[in-house]
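Structures given as structure tokens follow.
What follows is chain A paired twice: with chain B in the first complex and chain C in the second.
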Partner chain A sequence: MSNGNGSVRIGFYVCHCGTNIAGVVDVKALAEWAATVPSVVVSRDYKYMCSDPGQELIQQDIRDHHLNRIVVASCSPHLHERTFQTATAKGGLSPYYFQMVNIREHDSWVHKDKKAATEKAKDLVRAALRRVVFHEPLEKKQVPVRSDVLVVGGGIAGIHAALTLANAGKHVYLVEREATIGGHMAKFDKTFPTLDCAACILTPKMTAVRSHPNITMWTLSEVAEVGGYVGNYHVKVRRKPRYVLEDACIGCLECIEACVYKQAKVSDEFNLGLGKRKPIYIPFPQAVPQVVLIDPETCIEFKSGKCKKTCVEICADRNAIDFKQQEEIKEIEVGTIIMSTGFQTVDAARIPYYGYGAYPNVYTSLEVERLINASGPTGGEVILRDGKKPKAVGIVHCVGSRDENTNRWCSRVCCMYSLKLAHLIKEHTDAEVFNFYIDIRTPGKGFEEFYCKLLSEGVHFIRGRVAEVTDWALDPSEEGKLVIRVEDTLIGRVRRIPVDMVVLSVGLEPHADADEVRRQFNITCSTEGWFLERHPKLAPVNTFTDGIFLAGCCQGPKDIPDTVAQAGAAAAEALVLIDAGHVELEPNTAYVLEDECSGCKSCLSLCPYTAIAYHEEKKKAEINEVLCKGCGVCVAACPSGSIQQHMFQDEQIFAEIEGVLAHA
Partner chain B sequence: MANSTSGQEKKSYLYFPGCTMQATGIAYGESVRTLFRLLGLQVEELEDWNCCGATSYMSIDERAAFVLSARNLSLARQAGPRDLVVPCTACFLMLRKTQEYVRQYPSIRQEVEGALKQAGIPPMGPVRVRHPLDVLYSDVGVEQIRAKATRRWHGGRLACYYGCQALRPYAEADQAYNPMRMDELLQAVGVTTVDFPLKTKCCGGSLTGTIHPVGVRLNYIILKEVARRGAQAVATMCSLCQFNLDAYQSEMREEAHEVFDVPILYFTQILGWALGGDFRSLGLHRGIAGRNLIGQWFTTPKEVEAYV
Partner chain C sequence: MLGIYKQEAYERHLRFQRDADPTWGRKITALPGCEGILTCMQCGTCSAACPLSVYMDYTPRRIIATVREGFREDVLRSQTIWLCASCYACRVRCPREINITDVMYALKREAIRNRMYPPHFPIPILARAFFDMVKRRGRSTEFWLVLRMALRSNPLILLGMAKTGWHLWRTGRLSLGYEKIRGVGELQKALASPREEV
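Up next is the complex of A and B:
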């Protein structure tokens, strides 16, 4: 038997955990029994082993009795393995000479029979006492952390995270898929609950990103490939052609004016199809970068090559237009990554009984944000598709939220933005506004006050889930109107409310490609498709992949205040790693016994962390210690038994099994 | 498709008429069988079938309803691996519901299996229960209907009314909220259908028998909108919808001060007519309302004599 350093001297400790353990397991008897096991030099029971005196006890015993192994029987290793490893290390031993036994969750909490529970505790302790003999003094590896950060998605979350990091002196790559940063917030006119102008608070931050010396901003770009690990990610970014040189264009917009298309004819994406743009355009006046782009699908030069190219003419010496621009791949090295890809709104056409797509005067909330916006397609006037001003407007809450047929979750922001839209529509049109709600949810700071304000403004609130939006009329007052049919649950009646305009308060959902993106970055999603945080309370911006953090709505629906707070937190977490300069890796990794490996490659595809590579010359498998998370899959799968794992060596595991089975 | 027709081989179906096809919905049964014959599809009536267990049973003793349905499903399985075609939407829903509930709820499965065993009936197996709309749209197809039509529609505009039971909750024959397949099939034989938002609204069901004024009002709402949309008749696919809309038009006259005389047809009657079926074998002589229009639209000179 190899046990490292001569004779094994074990110190054993059993914790009472108040009455949590001692109430069921006879801790005194357990300690007395353990004292009789060979190699156990010290055996004690103590009220709270995790307390300072408890830990001190271990350290003192190591010194006094020359202990070289420590076993503590207490709670789950999740809680206090670190604590006792640290105590062991402070006593002068390698922390890996420690083994923990869980006799609380696995024993005292789940059993009533004291005698049997004490016997079970003995079995578990015996296993640990036999195992610990084979422990080895392992060392933690350190890997350096690069200080550059990648931020994916340039909504308010990505913008705030990028600026925070850049202001702390770190270099940030901000990658945004669209032609401008800003995300959803750039589409709004005002923001709840304060009704401050969205552009007034967002535009300065957008331009700050553009001009910050520490930020490299790439719009019309997407991450193509991610490799590496915490501290050392290699990322390839695909920059799609804009057909306009970003450095040369000064944003004078004269080319748009000069375009051979005299009228804007193309459906305008930024305005959700409510307005028109030309083939050469800028998404909106305050777009960042202030650089035009060309849409090759509709530009005549791309279609026929026979355009007069009046845009090039007017651009003259600046020569910013380049029809030959190609896609570009940029390769970068970063230490940490922040995901801030946001959300998409539910496609209202999925709920056919609300008439979106069938009736022109049924709008989504996001479309109405554009109608109300002073720089929107109607210059901020609420005018219907038929050119009329609505006299009565119905706002339908929870469209695609809290609904078994679409999404089950509450989208959190819709009640508040519906109230905001009710206020703004009233302000713009003086129409009668009806809100149809299931519950009003206004739990943020200043939110309930905002709701009360709306109540006193004369907006109608009808409690009930809308059954349908339709155009069938029962009496003349309904002719030519949209009729909202709803059960008013406060008066217990089915009502029909004729209106001119319907606003569907669509919910928030993960992007259609969220699953692809999460695979690319090797992070996890909740069942709904939101990126999953490591712990819902205690690690809300971490992912299960070290060095990748979450900010904003890609993690779940939230409003701007929460998004910004989370973005700040994600930036701070990245800074922790960067400023530490390195990360420590647990030594519980797998390794290949080269002489025995036959090079069959069966382990390669099994590794969930892509930590195993095939060495072509040696014809052997190689495990990257930094990527290995110690899951043990390859160890179990290797047909020749030539993969071993630190802390889970065969002899350790067999000794542990024999210990349990040696039940007297 | 695994079981689509190949070459000259004609697809064959099992047919579950249920009680309605022999009573108020007789014209539906007649037109389904005629249409299937004209399309060259074989239909064999399920032998020894019994009550499907709908309405009264279902609301009084759920277990009995499931067991009744289960017996039919067991017979269908024994009769061979053929799809079971069920025109009556109450029967259709009941059979589908039995299959789903037995699958989902162990307690129901136990009771149903126990009852079948006690009666010495083999267990129910995987049978595909299908509405004729589904068979006509998916197995036959719009193109074949168009190709086989020998008469071009010269009647008025129609509102397609799908009702609730065939599509909810089991939206297999078409979409649940904005179904279009009946519209598409009828358009293939030259019918103009109107945009009809009430196509899946309630016809009152059995309310016309229990709380009569409420039931009649629901039918009034539908017919009023049919007129408002400029349709002259209604195409249905459920015998209860057809009956409710057809039978109480004269009563509405008093309640709503409006005179309705709207033909309420089965979509299978119209398709059957287009494919050359004759007036009586499609049950066209059985309607109550709108007899004049039915006479004008569907009869050839010879048949007019017989009908008038």
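Up next is the complex of A and C:
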């Protein structure tokens, strides 16, 4: 047998894998049978082919017997294809002259009948022996990796990843949708379980981002378009107008004072509508950048064009206000991308029986964070909408979590932040605080101790999911209160507990536009909508798209320490690519036989990696080898059969099929 | 069968917050030996370890939860506190090292002080008779102790005990004498001093 490059000399090896394979497949018989196949020069069985002596065996045989093809029958190629390819290469052959046969997962592990399993092994091996004849020596492609990095999302995850990369000397573009970086963490008062102040630990990192020479920070900006591939992404970023020149504004805030609106009248988004702001404003005192912005929806100048523009007057020396500012598109080239787009909280109004939106004194946990925060709308006082201090507060856990009607997952942080809020509310108001929980989940460092501390503080823990929050009093003692009805499963009684304030501990869910974003970046989502990591355990920050990494809650709910750890890991993964300088690509790519391509374009729309382009002059399809992942869709779809794929050539596949079927 | 349809068969299990007395709960948790109540994580090890929990209306775990929530009536009227035999199995196993036996003692004292037990209920009578006897004579004599408990609770139980008592007396295991230690006065002084402080 020959492929035209001289005679084929195959070395065949069957691995015992201890008893994993040898316990079911008669490996001696298999090796003896393979020796009789034409072109097989060496046929051996060995206890562990993946061991050093096993690999050495292959190398020695290549040298001694002038082998030019290697076939190993062992486990899944996922485990050891690389191992044996390397051994083949060390023996002096192209690693692509190697073929692997999986007789463990596909045979010995799934069959009991030894005789039949041995026969099946022969079929699989025969297929490989026939296929390997047609193998070609291929070359791996190398593409350079740009050292600039794009970080999408400026919460704590994005901030930490950006700073890590910038400190390593790489240039980072940090793109944030809101007017300030900081994300959800900037809204929190304290952080569990240590109770250190969120702003005190976050704002130094925020200002470090602003002043870092290696970071280009774009707020009020969104990624508009992503093209390219690992190492060479072209990204367009849309910078929305702020109507204030970022370079000119020094954050003196005098314009806010001078605004023709004497009173703040507009609902304040940063404080979740609990406070008011003016049309010209800064989200919160420590916002980064320290630059005001104008909301065109409420600014009189935008609405009527007849404003006195007192803001412009007061800013005359710096002239930072520019009503004519336009949207801008920035184009950048980066090698790697870190996604840190975060999460949104569940809309509590989706659970109507908790009365959010119907009863003014039902709050979400994030709103209460703002109430407790000294820079919040009440200056850090926990007061109800009528200005009174609550005497009894109920905290309802698992709102929009662990529920088939909203979200099935546990949001992981709510138990701990509810405990934290219980502590802070008790500290601020000395109210009776009731926690209503299904399970208390405190699986972090210092978390259980924090729970124990809360128990000793005399906070009530009532195990039971709240059935309803109502203002319907069944008893005079409940008049004018919100009544929480719950089964206290610990004391075994249904209870009605009147409170002044209800806090709904809302869960975390993917952003409403997470699916659009994932399409834009060509990454995948889990069924829940969280961005999917390449492997849940062993590649938790990688995505299925090379060069794009995940950090923080866009991948799933997590607390601040885990977010920061993941952001650091994502930065390190990006640095791996940058410092290597290039990536190697498997040569199993598709290619177009130009003479035969009719230019019908049917392959273009099918390619999941947008690797195929249409060459207008030649009127032919063109495949970008760097983008091609070797999925084979175009190969199968091409009506004229003019797309072929390395490692999956027609003759290779036909030989393989014939080999499997030859026993009949 | 018809009985379950009678109105009194339906006890109201709903608890309003006015049924609870959180100050009472806090008072109990402040007692010596009861501090641990607050840190209880309701794992139920105490109930599982307790040899008598299978006879209790409220398991020890549930007693602790009910104390914490301040449902005084439910706690003090439960049989649990009287069934506790002070074997300390719960205390040994408790992962939070709560002195559950001490809690039971505290609740028993609370119930006795408030006379919140059924009339003629033998256990508090026995407890009181035992203490009186020890205070007066320095030691207890089973025959007189049991006799006193029976007379004050239900004398008919003596009929059931008669045969055993006869055998015990015949084999010299039951003394009819009324025992006393020397220097009872000193003991009474010693017992009186901490009581003055309470």
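Definition applied: the second predicted complex is superposed on the first by the 660 of 664 C-alpha atoms of A that agree within 3 Å, B and C clash if a C-alpha of one lies under 4 Å from a C-alpha of the other, contacts with A are read in each partner's own complex, and residues count from 1 in each chain.
Throughout what follows, a contact is a pair of C-beta atoms (placed from the backbone, for glycine too) under 8 Å apart; a residue touches a chain by one contact, two chains touch by 3 or more.
Since this is a predicted model, take the numbers as computed values, not measurements.
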According to the stated criteria, A:432 is in contact with first (chain B), second (chain C), both, or neither; which is it? second
In the overlaid three-chain picture, which partner chain does A:593 touch, first (chain B) or second (chain C), both, or neither? neither
State whether chain B or chain C is in contact with more residues of chain A in the superposed arrangement. C
Examine A:473 and indicate which partner it touches, taking first as chain B and second as chain C; both and neither are also allowed. first
Could you look at A:455 and tell me whether it touches chain B, chain C, both or neither (first, second, both, neither)? second
Once the shared chain is lined up, is A:494 touching chain B (first), chain C (second), both, or neither of them? second
Counting only touches as set out at the top, which of chain B and chain C does A:110 meet: first, second, both, neither? neither
Doubly contacted chain A residues - partners chain C and chain B: 474
Please output the residues of chain A touching chain C within their complex, sorted ascending. 432, 440, 451-452, 455-458, 460-463, 474-475, 477-478, 488, 490-498
In the complex with chain B, residue positions of chain A that touch it: 352-353, 358, 468, 470-474
So, in the complex, the side of chain C touching chain A is made of residues 13-18, 22, 26, 29, 38-42, 61-62, 65-66, 68-69, 71, 74, 96
In the complex of these two chains, what residues of chain B are touching chain A? 175, 177-178, 197-198, 221, 224-225, 228
